[in-house]
């Protein structure tokens, strides 16, 4: 069950409201790299967690923290919109910078939300929940989470570079820090489970008899004219400790030329197909 | 530039066509764990790859392989639909198993595609390209790829368990094998780049001055009544080698109670808000 | 800032797991009538609330409660999936009821989530955040909320009718009760603000000079052959107390026949249009 | 069956074409507050109306009117695009206002529609029909409609404030007026059905035995540090006349700590979860 | 401006209600081959029509007819749902055919719409307006329309084959007939404009100087092992009368190996890319 | 099976990088008129092709070519973003053209992709695979393809007009040329199959007994006040050679006034509907 405090997790100040930056900030709320995604992803993973219950707790606690991130980012968006132009009339015609703002801000920040945050990304596209990856496999989930936090920290770093507002830089430096922790904490779970060798291949419960292992450890060069890029993935023991990496240059197809024959008479194809 | 051979990468046989399994198989084509996703993800990552060009080649070669996976899976779907019922008339009323098939198959396999594969998932929801994660950051991309392949191998293993068709089991064992390779090859890139310590936190180019590092290494327990789950993430050196993991029990908020004041007169709020 | 307790807001028991009912229950999580929607809607409304801060608090407190509803519903879905068939092999072929379950359950409950809840509706369509209505206008928001809770209670009532599992009926009776409170609490806000007469038309801050008031109070019968349905909306004072309802039978158009003239030469229309 | 007149329901004039305003206007066509939504919502509600047929007629007549609103708004968008720049070449480089227009208009108004209206919102996101709320419950539908019209009038008021084009202001004043009528006519239906007391809780046909009524009338304060906001919703008779509003400060969870046990062996979880 | 008659364009009778067929029928309402699509496509094309106004009229008249098709199909769906099971309790457990229906019908026909039509396809996916193709180019639009009607008639034919309900067959035979007319009327516009030779290539207003005409008339065989499929497209005059079809076997790439160089220091890539 | 060459199909040069043009170019990658759509459409049509296998080959070869178009367009987008501003700080405040670029470019080209192409359209909306039309009917598919290429050539022509960059104009002239070939090659298939008379109505396999042919050849004027637009579609032999076009002015409805009666007691409608 959830509870709430009236205060924000972190202080939010905006020295110079900037409605265009408000649009950019939305990516951190409703983008695929944003906070709604991680909050919901950890929440649904927690609800589906089987096995040692400490992972369920870990996930739910961080899900709860991410909800607090949505909240202070939402406040930051609203503060950046505080003085946004709501008229195209006199100013915009006369002043090209105002015209640029009218064109460059999210129009729905005026039209739909009345100058506050929305659950959309920087293009105004609403977040959709298909991005909540929760597989029921602990290792797959941990990698999805580390990936999400890596993407989140890339985004926060780019937002930090975009602005010179001291308040915004301060808030973003907090986000960058928490993304540092979160990407490592999920990878630390994998380390605790024995590291890559014990974890891979995900899922590690698939019986080897279900796998055509002669195809499990070669890198396939599908290029007609480029040499195989050599590296850790073309030689040496595989990361799961079960095999040895090799490479195959442009192999021949192993399968047949597909043929579905004629169309069925009742299938509303053209007569010529039947 | 792309080229094509008329043969499939891998042989596809279906001993007993099963239109309900065709619906389930669609997840491996148009699901978020499926082949369209990885083909397009590696393709777009390749097109945006900066730095050492061997990673671009690596990505493009595997993107090309994944296109071939779509192709043989598409053939498998069509073969499973070969004898699907296209009438609710006599049989369905009389035979509950036929009724179950009519209800349990994807209706659009009859209505829209004429008994062949579609770029949709097992619910019939079309794949959308927001799932193509390509950040311009090599490490973030590699983690996204390892995650995608982990999810893909979980899916292929579940499909393997669902069917007892020998042809389908054979094809899926090939997919499981290639997913084994692919998830490891992307993690091998990270190993080649120096492993976790050199790679983390992603992005590793963010100056430390942009980060509130006092918040970078503690696990935050946001629960009111559960103890902190202890593990690799609450003690010891951080994975990036820059700090030490600690934990904080239910901390107080660091921020203010948010207040946006009154609504602007021209904002079409209610008068009582102004 | 958010906090969490390890216990559910309400007890969840499932006497007879039913994977098809799990699919139906998803509508209460990820449907437009579901709990993700109201949790996020109240959350974003709270973040954009201007004027008397008590409405912000009211919204945030109920947003927090709705997060707890997602949580216990998610547990209910997982419990209903506990014994779901994960193989089409022997049983399904032999037993039409098992075949019906395989066809009638959400395939992604097996394939994607590993037998737990997902943020999707009963068709498996992911929730998308465009359904979070938060306008910055308090009255519009309150109506959106009352509407959402009305729809939610309709849904919960239909789910109650569908099942005869005692545990599920008990949980749903709690949901029905909370939806009773929530739909009334939002309407109570409107009553406190002076009721319909003071509130309407939303927004009540639009100057009357912005409105062609000669068109504000007639019901327009656009039918060629049906009489105007008479009622409270065709006679008597308008609900905002500013006018009198009347009716107009099939009126003539007030506007012109539209004509855009010729296409511009550089617009890639056909030559014949230019 | 539908019919059409060649003339618009209302006169549309644009004195000074403004391609950026064309983008903003799209919200009134293809936004969730827009005319496609209400046209389709009333249409589908009408098709599903059971009980007294006058409500079906009422809905269908207004659905028909809303189709006419789409039509004149579509014409307004096209007229605003009449002189839009279709080249980034000389002008845009030299003139920052032209550059702002090229950046601020919807690029697809040039690229995709050839300078005319599209069924998209102000962000260019296509309208999707999940926003058509039609529940089969008359009261829930009426609230959904009043909500939609409230949102629509908020939007029209904001568009009115944005422009100083006399023709556009005239057209929008007509829209504001019709939204005044429409929001009231749907609430008038509720009044005719006996008002809130008879209508609530929606659905009013749910037997009281299906409801845990001990939870039906308290406001739940989920905040750890904020007092309960007092108001009409915390005291006095409930709006449905069946109970009395009360409040509960931060209550303890009523449910269990959830536990799903171990993962099934065939579920492709990690071995450690089994 | 639109008007409405209280009667349906065509009689709808359902002899034996079939809730599973109701799900299938939805494709004709909210599928990409369905009536909402064509109604809205012709409507938006009409609103953007430039040049001879008779095409605007033609489009608007047929748009209006398609709205009437939505209406009678919506009634057909509701009639098919008339006796749908709304309980999983006793019957479903005992009777496998009832179980198949519960699993095979659209659950939202019970949960969300209260046994009536929805603007969704046969998978329950809501129609989205991105499928409204309206380019401002008359020939492109006519082809889009002929394509839509071809797809529509394929769908109607498949639905006809699926059912043996006399009422449904009668209604579908009317739809098949109207789709016959509509696909031909749009192609007749092209014939009137001079046929393929005058119309192609679309747009016919593109100056030849904008086209690398040496690449305009060869079929490119990109296969490594299949011969060029010969036909009307590899020899003879091109359909636009401007060139001669030829073929090219597997040509070499004409472009460079792409290289984006190093990542910018401020772009949040990994250090190794810079 | 697919293969790849390291070189682009066509040379890509950008003389003056323009991040706003990068946004516009995205429509040719991820728009409904773009290359992902045609690549995937031809690919899925090929996988479902039944009947003469040469059409399967034809489709797959051109699908392969379209993948190469995605690739060089993606490179063009990245080159246009090469010098994009990634800071709103000093420059943007001082220079209105920079401000216009910051507002007018796709923010996710900075935030999400790190200055490279994305699978989205010019509004930043991700491509979704519902636009892949593949019906299993050869003629319907050919028309869908000709339509797609017509739309594609309209788009390429508009992009050509928008830019004055010599490199971009050269690349677009190649695209225009290939779209010329592709739209004609699909129509050439129809010609080879006997032309319109043999092909129409699609599907030509529907038995005439399934069609209410008395409704197959009249144009229906649904306007109350406009005369029937006369043309090839109102007189003369139908294009399928089976009938004669005629016209009908505003006909009376053929159907009943719909009536669904009362709501079922267990359907959660309002009591007044029962």
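Order of writing sets the chain letters: A, B, C, D, E and F. Residues in each chain are counted from 1.
FYI, contacts are C-beta pairs under 8 Å (C-beta built on N, C-alpha and C of every residue); 3 or more make two chains touch, one makes a residue touch a chain.
Computed from a predicted model, the values in this text were never measured in an experiment.
Listed here as common contacts of chain C and chain D: A, B, E, F. If you compare D-F with E-F, the chain pair joined by more contacting C-beta pairs is E-F.
Centroids built from CA atoms put chain E at 26 Å from chain D. The distance from the centre of chain C to the centre of chain F, with each centre set as the mean of the Cα atoms, comes to 32 Å.
Those residues of chain F in touch with two or more other chains are numbered 1-9, 32-33, 47-48, 50, 57, 60-61, 64-65, 68, 71, 75, 78, 86-87, 96, 99-100, 103-104, 112, 114-116, 120, 123-126, 128, 130, 135-137, 139, 154, 157-158, 161, 202-203, 205-206, 222-224, 226, 253, 255, 258, 260, 263, 266-269. On the side of chain E, the complex with chain C involves touching residues 1-7, 47-53, 56, 86-90, 93, 96, 99-100, 102-104, 106-108, 110-112, 114, 120, 123-126, 136-139, 193, 199, 202-206. Every residue of chain A that touches chain E in the complex is listed here, in rising order: 154, 157-158, 161, 266-268. Considering their complex, residues 18, 20-21, 23-24, 27, 31-33, 96-97, 99-101, 103-105, 121-125, 154-155, 158-159, 161-164, 222-226, 250, 253, 255, 258-263, 265, 267-274 of chain E touch chain B.
Of all residues in chain D, those touching chain C in their complex are 3, 5-12, 32, 54-55, 57-58, 60-62, 64-65, 68, 71-72, 75, 78-79, 82, 86-87, 114-116, 125, 128, 130-131, 133, 135-137, 139-140, 143-144, 146-147, 150-151, 153-154, 157, 160, 169-170, 172-174, 176-181, 183-185, 187-189, 191-192, 196, 200-203, 205-206, 210-224, 226, 228-233, 238-240, 245, 252-258, 260, 263-264, 266-269. Looking at the complex, you find that chain E touches chain D at residues 1-9, 30, 36, 40, 43-44, 47-48, 50, 57, 60-61, 63-65, 67-68, 70-71, 74-75, 78, 112-120, 126-130, 132, 134-137.
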